[in-house]
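Dumping the structure here so I can ask a few things about it.
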Amino acid sequence: MTDIHALPPTMGRLSLGKVGICGIRKPLVIQRPDRTHTLSAGFEVYVDLPALRKGSDLSRNAQVLAEVIDETVHRPVRSVEAACLDISRELLIRHPYAREAEVRVEAEYFRPRGIREDRVSLENFTLLGGAWARRTPSGTEVRQSVGAEAIGMTACPCAMETCRARLEEEFPALKDPAFRDLPIITHNQRNRSRLRLTLEEHTEVEADDLLDILEGAQSSPTYAILKRGDEGQVVLDAHRRPRFVEDVVRAILSLLVERLPRLPDATDVEVATRSEESIHKYDVRAEHRSTLGALRRELAS
Amino acid sequence: MTDIHALPPTMGRLSLGKVGICGIRKPLVIQRPDRTHTLSAGFEVYVDLPALRKGSDLSRNAQVLAEVIDETVHRPVRSVEAACLDISRELLIRHPYAREAEVRVEAEYFRPRGIREDRVSLENFTLLGGAWARRTPSGTEVRQSVGAEAIGMTACPCAMETCRARLEEEFPALKDPAFRDLPIITHNQRNRSRLRLTLEEHTEVEADDLLDILEGAQSSPTYAILKRGDEGQVVLDAHRRPRFVEDVVRAILSLLVERLPRLPDATDVEVATRSEESIHKYDVRAEHRSTLGALRRELAS
Amino acid sequence: MTDIHALPPTMGRLSLGKVGICGIRKPLVIQRPDRTHTLSAGFEVYVDLPALRKGSDLSRNAQVLAEVIDETVHRPVRSVEAACLDISRELLIRHPYAREAEVRVEAEYFRPRGIREDRVSLENFTLLGGAWARRTPSGTEVRQSVGAEAIGMTACPCAMETCRARLEEEFPALKDPAFRDLPIITHNQRNRSRLRLTLEEHTEVEADDLLDILEGAQSSPTYAILKRGDEGQVVLDAHRRPRFVEDVVRAILSLLVERLPRLPDATDVEVATRSEESIHKYDVRAEHRSTLGALRRELAS
Amino acid sequence: MTDIHALPPTMGRLSLGKVGICGIRKPLVIQRPDRTHTLSAGFEVYVDLPALRKGSDLSRNAQVLAEVIDETVHRPVRSVEAACLDISRELLIRHPYAREAEVRVEAEYFRPRGIREDRVSLENFTLLGGAWARRTPSGTEVRQSVGAEAIGMTACPCAMETCRARLEEEFPALKDPAFRDLPIITHNQRNRSRLRLTLEEHTEVEADDLLDILEGAQSSPTYAILKRGDEGQVVLDAHRRPRFVEDVVRAILSLLVERLPRLPDATDVEVATRSEESIHKYDVRAEHRSTLGALRRELAS
């Protein structure tokens, strides 16, 4: 029987950048310092295709994924990105005609969070992982990406000032210096922030550290369980740290530079944040791409 | 050639409640008092199926939809629900074996909104329409549904009181009666509210009236264009009208009873509201189903 | 400090059907005969609200959920619905003013599937659970729901006959009786089917049995790993079992009656199926709601 | 009152790549040769932010959008991308501190489609537009993007050959040369393909030409209205033109080179296609990015 995939292309001799499968779901078990986590994960798995071949053997992508990921149910891996690196390497072995392989994963991750010790519960975050393998004359080069997304809260510093001015007109006593630090009403809203680093293979980054950076950059983290007094605390915290999306991105980048000083300058950094504005029907968004080296230089200047 | 649909069923002689098509998109042109609106609409179109027939002739659903809806590009209809009524009646003609037909539509609707006259722009809302036709010994009975969804804002009355107590501790001067009406910080967020009425054919309901009810029930409407002073105004308005989701549903129901006094008691009423909480990763929701008659009695008691 | 929730309503003295939280995510660990499964689950948790109370104490919903669900990480429950029953009962204790409580959950579930033993991998399905608790003079009444969704494949029996007629014109030799069972081309597509049973507390239903019914009713199950020969097998299987969405619903109902004979007549049954038609931009859908008793009578008649 | 946005940044002196609004919805009216189209469109509008400024004046983005897009209700523009170009230029005027502006739009577009003249109805497609403006010493440089997405159908050439082999074993008479062109069963499914070109301002590209290329590259277009005979025709057409996702991308690229010979070599080309596999629970995807010049050279080699 003819191997249709190995035939020359019928629609034009063109090489293709990416061919693969996406939206394939798997349970992925990782071993973290605290405990074993079973993540529900969605994968994308691609290789490139040379101009002289009609098709890519896509069943191999599903098979490699099953071999590496299903196996984590019995033998957990140490991280999402470690699993991706294994897959990307194996893809180049199974697709001998390919020069590049790419794997991406987005996984739901639960960690214990609470505004007080007796309010702790498991809350949802997202882990992002990836790997790229590239066949070169001197062997296979790989890169990995480690990332995370956290939902938190932003309170707008601009509307706060406008409201302060309006309220001082209506309540002149507010101008008293005693009220200098009184938190003033503003709009606040759900914010989704994500950070992704792309770097060499043997550099380890803890996803939990990225999540801490993300939550530390928002006006306040959010929590599942908030009794009455706690709600007030979160609201106060957020209004004492009002932040634009611009502030959130800069805070993420600054915290990254400060807290992960050992990461190499060549690390690619992507940050995106989105505030689901309470006063608008649309969202406000900021993003930035750079390298850690460029960020360090800009912050030092 | 055999008409497969007309054969007896092969998998069990069972009548089925609904068979049809969904997710079919159309432009729908309606003529409103102010101007002609072209809506982007998604339809669901069903009939029931008797136990003795294998299949429903689904191409007729797409055809009726094309005949009625595509035609509105040339001859606009007066409302979303008027188009649904036409379709539901025609479905019973084209499916002689069916006893019931159902049509539902959800359409994006733009209306001019602004916090001031010179800030007016077109903002997005949703219109909901529907119709049910039923073959009876005395002819075809129909019912229609008219509904709408509006995005607005809620500010939480409970966190406001907690914050007031906290702030009065920190700033004792706030207890001065002069500050009785000072709006206090709280969490606020995007809210989506919807209202749907199901009623007899010849009762007309203006979707714009429903949208006004929805926006009137939230802590504040939201706007696309807000210059700095306007932002402050929206924030102030919302904080002077803090509302739980429970308040929003009750306000919608009360405004409905008050503003549409001519609607019959037999009108079915469905309200649902969802606040995308800024202090949580999850949403808060309230809903209620009743008849206008029952609501009138409960409010009068 | 005033308990705002306990105040009388400000927007109209109306009782509300449902108030609660939705979109809250949790890991849920269940103990099945084969192994322990960690599911990624989304919950909705509601109670009703009497006319004389302004708000529902929503933090209790999140707290009950944390107590019952987070605990499953250490002590797995036997099923999704068992967890829901516990939550629904506890809700009526924590909300003394409520008469009814409702919990719904939708969880991603991975089970080993393969067209052959050496092709087995973990594939994604959905489990649906629910519970309703109601305060009555004689104590608390509960009902539970057990459900599942499976993605499979349908091949259209009608287009197959049309194509047979067309091909017999072009290739008259096809009319030879030797080709009577030759599978003929038709359109085939991804199908999503779901089945939900609502019944008394102590009746156990295995979700895996429901998934088997769903996959048994489609033209063919689908698989993650299909080497070349396997692909042909799935295609052949599906074309030898062409099915309308109407056939799928009737097959689910018939298999349910046949395979679960001990379930009581009072069991509520909901089936819905959706084929993402390859020849259309829209989907085709069938659904039916009934009781097991009514289905048994209709099938026996 | 202090202009908070104009203050120096509080969280780190870092320039940011993109700050703006997204998910803002508008009706956009375009004048095409055939008729006036009202599209339901979603916009993203960004500018960059220098390191010395805390915030971007986002209300200006909403205002420019309202001025340019709302106005099309009265005075239609000639294309989606023409509107984007106007917005991108205006953004640089309103944000004097910005060096770059970006606008993206995705709009639902209905065009008459039918397998025969008496089956024509309005079917949904997507138009993609964009513009980038950049302040340079010699003035403002702009680029525009024009794109489209079409839903169609793919039939798998590989499973077809496997099935042919299997069927020839079971029905040896099929090996007769008379059956050489008999279309054989395979899996087929919904396919979504998109093509986007980025190029200089004054080069005009008709979005309808892009849609024709997309539909011409799939195994078959799909249609809303298909009576029984038509269904057979679509199935036959698709099975006579079986295509992998790899084939679809190459066909799009080849048709683009062939049909739009006047476009400059420097045109950036992005193609992506996704088949929602009927035999899998996941999708298969191919994509390619290149320039028209590189494609022309590769095809000519």
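Each chain gets a letter, A, B, C and D, in the order it is written, and its residues are counted from 1.
Assume contacts are C-beta pairs under 8 Å (C-beta built on N, C-alpha and C of every residue); 3 or more make two chains touch, one makes a residue touch a chain.
Computed from a predicted structure; not experimentally measured.
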TODO: Look at all chain centres (mean of CA atoms) and spot the one farthest from the centre of chain C.
DONE: D
TODO: Pick out the pair in A-C, A-D or A-B whose interface repeats that of B-D, meaning over half of the contact pairs match by residue number.
DONE: A-C
TODO: Express in whole angstrom the distance between the two chain centres, defined as the mean CA positions of chain B and chain C.
DONE: 26
TODO: Let me have the rounded angstrom distance from the C-alpha centre of chain A over to the C-alpha centre of chain C, please.
DONE: 31
TODO: State, to the nearest whole Å, the distance from the C-alpha centre of chain C to the C-alpha centre of chain D.
DONE: 35
TODO: Spell out, as numbers or ranges, the residues of chain B touching 2 or more other chains.
DONE: 1, 24-25, 62, 123-124, 158, 162, 165, 224, 226, 228, 280-282
- [ ] Using the touch rule from the top, collect the residues of chain B that touch chain A in their complex.
- [x] 123-124, 151, 153, 156, 158-159, 162-163, 165-167, 171, 173-174, 176, 178-179, 182-190, 220, 222-224, 226, 228-229, 231-236, 238-239, 276-282
Open item on the list: Per the contact definition, I'd like the list of chain D residues that touch chain A in the complex.
Closed with: 1-2, 4-5, 9-25, 44, 46, 49, 51, 54-56, 58, 62, 157-158, 161-162, 165, 217, 243-251, 253-254, 274, 280-290, 295, 298-299, 301
TODO: Spell out the residues on chain C that touch chain A in their complex, using ranges where they run on.
DONE: 1, 24-27, 38-40, 59, 62-63, 65-66, 69-70, 73, 108, 110, 121-124, 224-228, 231
